[in-house]
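What follows is a pair of complexes built around chain A, which joins chain B in one and chain C in the other.
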Partner chain A sequence: MSKVMESSSSSYKGHKKSIGNWYKKNYIGWLFILIAVVGISLFYFYPMIRALLLSFQSGMGSNLEYVGLDNYIRLFSDPTFIAALTNTFIYLLIQVPVMIILALFFSVLLNDATLKFKGFFRTAIFLPCVTSLVAYAVIFKYLFGVDGLINQFLLDLSLISQPLNWLADPVLAKITIIIAITWRWTGYNMIFYLSALQNVDKSMYEAAKIDGATSFQQFFYITVPMLKPIILFTSIISTIGTLQIFDEIMNITNGGPGNATLSISMYIYNLSFEYSPDFGYAATVSYVIVILVVVLSLIQFKVAGDDK
Partner chain B sequence: MKDFHYKKSWLIALALAVFLVLAACSSDEESGASGDGGEEPDKITAWAWDPNFNIAALDIAKESYDDDIDLEIIENAQDDIVSKLNTGLSSGSMKGMPNIVLIEDQRAQSFLQSYPDAFYPIDDYINPDDFASYKLAPTSFDDQQYGLPFDTGVTGLFFRTDYLEEAGYSMEDLTDITWEKYIEIGQDVKEKTGKDMISLDPNDLGIIRIMIQSAGVWYVDEEGTNVNITDNEPLRKAFENYKAMMEADFIKANSDWSQYLAAFNGGDVATVPSGNWIGASIEAEEEQSGNWGVAPIPRLDMDGAVNASNLGGSSFYVLDIPGKEQAAEFLGDTFGADEEFYQELVNEVGALGTYTPASDGEAYQKENEFFGDQSLISDFSTWVEDIPSVNYGMHTYAIEDILAAEMQNYLKGKSLDDALADAQGQAEAQLK
Partner chain C sequence: MNKFKRIATYTFLSAAAIVSIFPFLWMLVSMTNRSVDVTQGRLLPGTHLFENLRVLFESVNMVTALVNSTIIAVITTFFTLLIGSLAGYGFEIYRTPGKDRVFNLLLLSMMIPFAAIMIPLYRLFGGVSSTVSFLGIDTLAAAILPTVITAFFIFFFRQNTKMFAKDLVEAGRIDGLSELGIFFRIYLPTMKTTYAAAAIIAFMNSWNNYLWPLVVLQSPENQTIPLLISNLGAGYTPDFGVIMTAIVIATLPTAIVFFIMQKHFVAGMMGSVKG
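Up next is the complex of A and B:
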């Protein structure tokens, strides 16, 4: 939209027309974007503002009243919220880097010109992304059950002597969640890298090879710098996704054991529907996600972005 | 640049206009919906969740109802009903809400108090004294009866007669025992038969709720408002029992409902202490017919604890929307008065209501072949009368999540005093 404005403003700079005239000439243009403007205002800005107002209210169900900043103060002394925040950050700090690196690794492997059955492997790794979140979560729950396939496998290999209780142990449960989301989303990120790799000029690799660069050097000094914008993009998308993680937790562990795997989104759900409904406080917690997404994205831009 | 500025302000003006229109719209809606004297609808809708149980009960009620009623029963998962009610009622618009809705007893107070104007009192249509007394506290509010008590969650100790016999125990050895004794028997059974005693989900403290209600307490005090954890002796004992069970090595862990069902359908566990409604799932495995019995639920080892408790159970509520009189009349004439209907309910669905005059009927005395010809329904209905009445308050699930977290800590070695004190502190902070 800003592009449209800039171009139109530059083309009109020469003419010193009155504002009225300007509207006359442009109203058709405005009519075209009117639908989008109304739609976005209606379905994005209006709910956002209502949610912000809601986050300053508290009370059960429909008995809401304004409490000022109480909800925001309550966040800091709410151990469940702090647990949910910590869990979410653990997912974020471990899962996003692991996934990004794995996705990079796969995409470089699959981009190899000499590789056979490329299409098959690409599809195989991308396929998890088209599965339904709930369906795959339920399958993971059974895979990691006490008498699930993973335990059977580990037992058969004699890696463990008795079945691990994956979903009932706080650490193992977190690991299960991280494995699940990594499985689900690695292929998705890989596709971005694969398509970006098509745009990397082959001659650079040839030149590097002639200069005697090893594969590792090629990867770190050519591939990674060339993919930097995409890496930034995927890490922001993944960060946002992980901050909002809900389906997997809800279906695999339901937040347990205790609240060892509870995520922020799941806590919002609990506050609204599981406990006595407090939509005001739930809105406050959801604004925390908004703030976190903004802050983390800014940091990522600063750290990895171009200095444009 | 100047032009650009104008354009921007134009955009903002447009956005503002949209907001104004929206605001106008939303206030219009409100005034429209609050008009209470709307006309009678053609049909009455009801939401319930179990086609083999409460929906079947509504179907039978519809058939046995003398007057003509166009009742549409809509099946929704229980979680969906909870979230739909919450979003619907809090929006202030009653559009799309059902006339009759089934709500679990432990959630009822949270709805009644969160949306005080949304429900229609049904005192004029039923006599609350006809129902088991423990059902009344959760279903009423401000001295008015809102819920029509439906099924009971009266608990029993379902057990494999063959396994326990092999270990040298009979029905009598299991009757009126304490949880300590239960653990002792469990260890013995595991030793002699190799079977686990019980299947538990470490995330679900249902068994703790069974234990504490048998002693007449809950997570909150009698008023239902103050958190009652640190000085709650039964809860303390229940925690100790739970840990003893976990350490006794006779637990088959499960992490969801289907695994729980598989544990006893597959013959892996010797006992299932649960609400009577689990009977239908146990009977689903026909091969085990004749190998099950039901003893009274164990009690806590303390004064005032009884061998009767409750787990689950729900009641019907009428929403305050057009059609409410018709809906309340329908419920009152069937669930609230019809003894014959309850006999049919037992015969056809195996559902045990909490309408006490019905318990003398013949269907209640019938013997159940699957459970070794035990008069199951009759046993359950005698235990119903002993269930201590407790006030569930509004925050059962919020407190339970906190307790579940502290239970994990306790199992890992945190002292019980610290665990309960921390839970009390957290619950107070969260529920103020």
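Up next is the complex of A and C:
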């Protein structure tokens, strides 16, 4: 406490009566943050606690009663939940690395000082970020329809002999979702890397070139290590985002065919608002996302922090 | 070898640019075409734009959705900026270990997945419905309230306040301004760029928000644009020309903001990282 008073009163320079003042200002400071603290407690922390309590209850609509760990046990034998969990992990394990590598690759290409039309390329690749998730999802749904443009294009190039039913095939539907998310978010990640690359000392690349390092070696031995903190940041953001994926699934495939593209968030939505509402079990499923977010973020921190 | 690398780079970047831009061109072209033309893959502009606009504004609730989305986004942006900057300023200018602990606690809320708090929030507003009707389920206020206060913006404003010259606070005190007066008369005008960047993100987030409005806004007269597009897209006999027109109108405000304020836009994104 005394340390703070010191640092705080040092800014008063010469005002001897500042201790009483300091308490007054400290008190006013709390008023500044009051609305935010109350708001976040009411709209984040309070619902989190309610969701935890709900996860031990079961019943239809508002007729809930405590059932102990029943909901948690039910998770393990619920094929729809297992499908949603598996799908979400497939998105996570394929989409996030592909996107990060692509974004890194673009940013390295764009960081070249001699490159022409740099501004155009950068803006073009970032452009998908201005679309709303629902809008681009609907567009992708039509692009990947049976008689959509993607099929027409592939047919014209003779890459396929008959139209692919992208949205009705379990594997192709997942691929469509992955392509869609990658289209929307690669530019977003690229901007972070580009800005970080500007802080990387150019002489390191010069030295590497003199030592005869190839572009690939430069990428893996200079760029990636230098960008490690920002790669960690973006992979955590992407992981949290993908674990919660909802808008795209709802609007491109509606979870189908069967449950082949269903995500955890969409299952929670269905449990609460589409099927006969089971808020208790839905809350249990939602806690799975909470646990996954925390565990995966910790793992990423651990993995990235290993060399230090 | 070097020439080969050059060509490969340009080819690759051009391909990426085309893939990124193509859906935009397609929706712009499609808004001028009939539904049949869109399904047949027509890539040339047509003459059906006014017909599509007429259908959209006459037989679909586009006007209502535009009004609702605008009201929600403007109010959300205003309060997000006000509350977020007051808190960010408060945490940084009146820094104490106690406040730092509270700050770290608030940051934890960024990790909370929305799906996890959606049901309790829905029940919270459902419970309020019977007593305070203007705040309950299916009101714009319910769509706005939980989205207004976020740890992200508190963090964002605190990070930017670190670069605010604190001597100005002292100067304001000597001039006899109240603490709140210093905030509104000195801090706010000097931090215009920070507010601009925050406004862009807040507006876009709200304009594009889907899940919470989907849960809480049920009647057609409370629909927002994402809900309208989603409903149009899920129809059994979708009119593609009309849907594309709706999508273009929905994307236009954010695209314009992006092109006019590209610097602020990127600054806004980066504001969340710089230490």
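Everything that follows uses one rule, which is that the second predicted complex is superposed on the first by the 278 of 308 C-alpha atoms of A that agree within 3 Å, B and C clash if a C-alpha of one lies under 4 Å from a C-alpha of the other, contacts with A are read in each partner's own complex, and residues count from 1 in each chain.
The working rule: a residue touches a chain if its C-beta (ideal position, glycine included) is under 8 Å from a C-beta of that chain, and two chains touch if they have at least 3 such contacts.
It should be emphasised that the depicted structure is a prediction, and the values quoted were computed from it without experimental measurement.
Looking at the shared chain after the overlay, A:Asn254 reaches both chain B and chain C.
Touching more residues of chain A than its counterpart among chain B and chain C is C.
Judged by the touch definition given at the top, the superposed model places A:Ser265 against chain C, while chain B stays out of reach.
When the two complexes are overlaid on their common chain A, residue A:Tyr46 makes contact with chain B and with chain C alike. Of the two partner chains placed by the overlay, neither chain B nor chain C lies in contact with A:Thr214.
Of the two partner chains placed by the overlay, only chain C lies in contact with A:Asp112; chain B stays clear of it. By the touch criterion stated above, A:Lys141 is placed in contact with chain B and with chain C alike. In the superposition on chain A, A:Ser297 makes contact with chain C only, while chain B stays out of contact range. In the superposition on chain A, contact of A:Thr131 is made with chain C only, not with chain B.
The residues of chain A shared by its contacts with chain B and with chain C are 12-13, 30, 37, 45-46, 62, 141, 254, 272-273, 279.
The touching residues of chain A, when paired with chain B in their complex, are 5-6, 9, 12-13, 19, 22, 30, 34, 37-38, 41-42, 45-46, 49, 60-63, 77-80, 83, 141, 145-146, 165, 167-168, 170, 253-260, 270, 272-277, 279. Interface residues of chain C, counted against chain A in their complex, comprise 5, 9, 12-14, 16-17, 19-21, 23-24, 26-27, 38-41, 83-84, 86-87, 89-91, 93-97, 99, 102, 106, 109, 111-124, 145-146, 148-151, 154, 166, 170, 179, 183, 204, 207-208, 210-211, 214-215, 225-226, 229-230, 232-234, 240, 243, 247, 250-251, 254-255, 258, 262, 266, 269-270, 273.
Of all the residues in chain A, the ones that touch chain C in their complex are 1, 4, 8, 11-13, 25-26, 28-33, 35-37, 39-40, 43-48, 50-51, 54, 62, 106, 109-110, 112, 115, 120-121, 123-125, 127-128, 130-143, 147-149, 152, 183, 187-188, 191-192, 195, 215, 230, 233, 240, 243-244, 246-247, 250-251, 254, 264-265, 268-269, 272-273, 279, 282-283, 286-287, 289-290, 293-294, 297. For chain B in complex with chain A, the residues that touch the partner chain are 1, 3-4, 6-7, 10-11, 14-15, 18-19, 22, 79, 82-83, 86, 89-90, 92, 110-111, 113-118, 202-203, 253-256, 259, 394-395, 397-398, 401-402, 404-409, 426, 429-430.
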